[in-house]
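Per-chain residue numbering starts at 1, and chain names A, B, C and D are given in the order in which the chains are listed.
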Amino acid sequence: MIEVMYFAWVRERIGIPRETVETNAKTVAELVEELRAREERYDVAFSDLSALRVAIDQDLTEFSASLEGAREVAFFPPMTGG
Amino acid sequence: MIEVMYFAWVRERIGIPRETVETNAKTVAELVEELRAREERYDVAFSDLSALRVAIDQDLTEFSASLEGAREVAFFPPMTGG
Amino acid sequence: MDIRVQGSPFDAGAELNAFTNKAQGAGAIVSFSGIVRDTAAGDLEKMVIEHYPGMTERAITTIAEEAQGRWNLADVLVIHRFGELSANDPIMMVATASRHRKAAFEAAEFLMDFLKSRAPFWKKEITGKDAVWVESKDHDEDALKRW
Amino acid sequence: MDIRVQGSPFDAGAELNAFTNKAQGAGAIVSFSGIVRDTAAGDLEKMVIEHYPGMTERAITTIAEEAQGRWNLADVLVIHRFGELSANDPIMMVATASRHRKAAFEAAEFLMDFLKSRAPFWKKEITGKDAVWVESKDHDEDALKRW
């Protein structure tokens, strides 16, 4: 069970800010594939991974990162603070 | 007739902040030689020109600069503002 | 080190004075403030800043600690707002205090470069016509390479 | 452009806010403030800043105009005190406003580097024991080479 969070336009396209996901995915990339297979809104949101960033347990990481021990995975566009 | 001004420790060593000087010096360096020849306090103040800066009419310049047309010559140590 | 992520406005001048008083002996204080710019058309109704609560504080703390490790800083301040802002509102500020101006300047630039691209904030511009997420700029990512 | 050479104190925070309000649309504001540091022994009675009236304003104006020529600045502020100051008093501040943070940072650093070595101010530290003219530092002169 992983808490999956979406921010900014990723949140808007998927339509919810967070959800609890039951998954056996070993990596972020595998989780993304599972999500894309669900519904078109996920497929569209994740269609260009180069436009997305991912954090595991609030640390920025890569899509190839392992989900072992992960409680929280967040997807969002590049940051625009400051 | 040139107005000669002294700042910071140059002023303290020479003992006055400014004076009007009658001179035929063609350059700042010639003016310095005339001043050094006057009295020991001038000689001491100007003993190390590398520790001094000079401005003609409120613009920083070199000791080799011409005094032609100069109204005001100022001598002082390197600046320490900011 | 003082890091604040808040919805409420702040007074950059009052913060600068409080920071300066606290950092007595530092000699050199640098501040940066980011202000909401209106659109080119002048029709900005509001800017909405979304953030990732928890990760935001964590990311800024990491960046500020990195700055303190690299430069000899007496103190570091970071304030960043989220929520709804209007044109000319202060979005955020950083301030650094050091004995030397070079360290204070470099640390403030470092903080800004990393906050831009590593702290989880996203800006959306709402005008009478539409609502647009501000896009990140390649030169913001490039700015990190300097450090 | 606002350049002030004055004997009286100033409020850096209030100046920063006034400067920010005036520079609406700039987006990025950088400030530097220089504060009187106590001596290592903690016995500073006062700092006396001597300047060259007339040349001071002229030199600072030249430096500020050079900054405006090099960077796209919405506004520039320079305030520098002379006369008697105490430990922790603000000596001077510069502020720059631009659309982009890089320009605001660079211009502020440029202003500081040139003010240090090209504006005719001299600092003297008076303690219980003695009165010493602050010496210029080689690295202050070296800092100019960057520009």
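By definition in this document, contacts are C-beta pairs under 8 Å (C-beta built on N, C-alpha and C of every residue); 3 or more make two chains touch, one makes a residue touch a chain.
From a predicted model like this one, the values you see are computed outputs, not experimental measurements.
Q: Would you mind naming the chains that touch chain B and likewise touch chain D?
A: Common contact partners of chain B and chain D, which must touch each of the two, are absent.
Q: As a quick test, compute the distance in whole Å between the mean CA positions of chain A and chain B.
A: Chain A and chain B have C-alpha centres separated by 72 Å.
Q: Nearest whole angstrom, what separates the Cα centre of chain A from the Cα centre of chain C?
A: Here the centre of chain C sits 26 Å away from the centre of chain A.
Q: Please tell me the distance, in whole Å, between the geometric centres of chain B and chain C computed from their C-alpha atoms.
A: 48
Q: For chain C, which residues are shared contacts with two or more other chains?
A: Residues 34, 101, 112.
Q: Provide the list of chain A residues touching at least two other chains, using ranges where the numbers run on.
A: 82
Q: Provide the full list of chain pairs in touch.
A: Touch list across chains, by label: A-C, B-D, C-D.
Q: Applying the document's contact rule, which stretches of chain D touch chain B when the two form their complex?
A: Interface residues on the chain D side: 34, 49-52, 54-55, 58-59, 80, 91-92, 112, 115-124, 133-136, 141.
Q: Applying the document's contact rule, which stretches of chain C touch chain D when the two form their complex?
A: 11-17, 20-21, 24-35, 37-38, 88, 90, 99, 101-102, 104-105, 108-109, 112, 143
Q: Using the touch definition from the top, list the residues of chain A that touch chain C in their complex.
A: Within the complex, chain A contacts chain C at residues 5, 7-9, 11, 55, 58-60, 74, 76-82.
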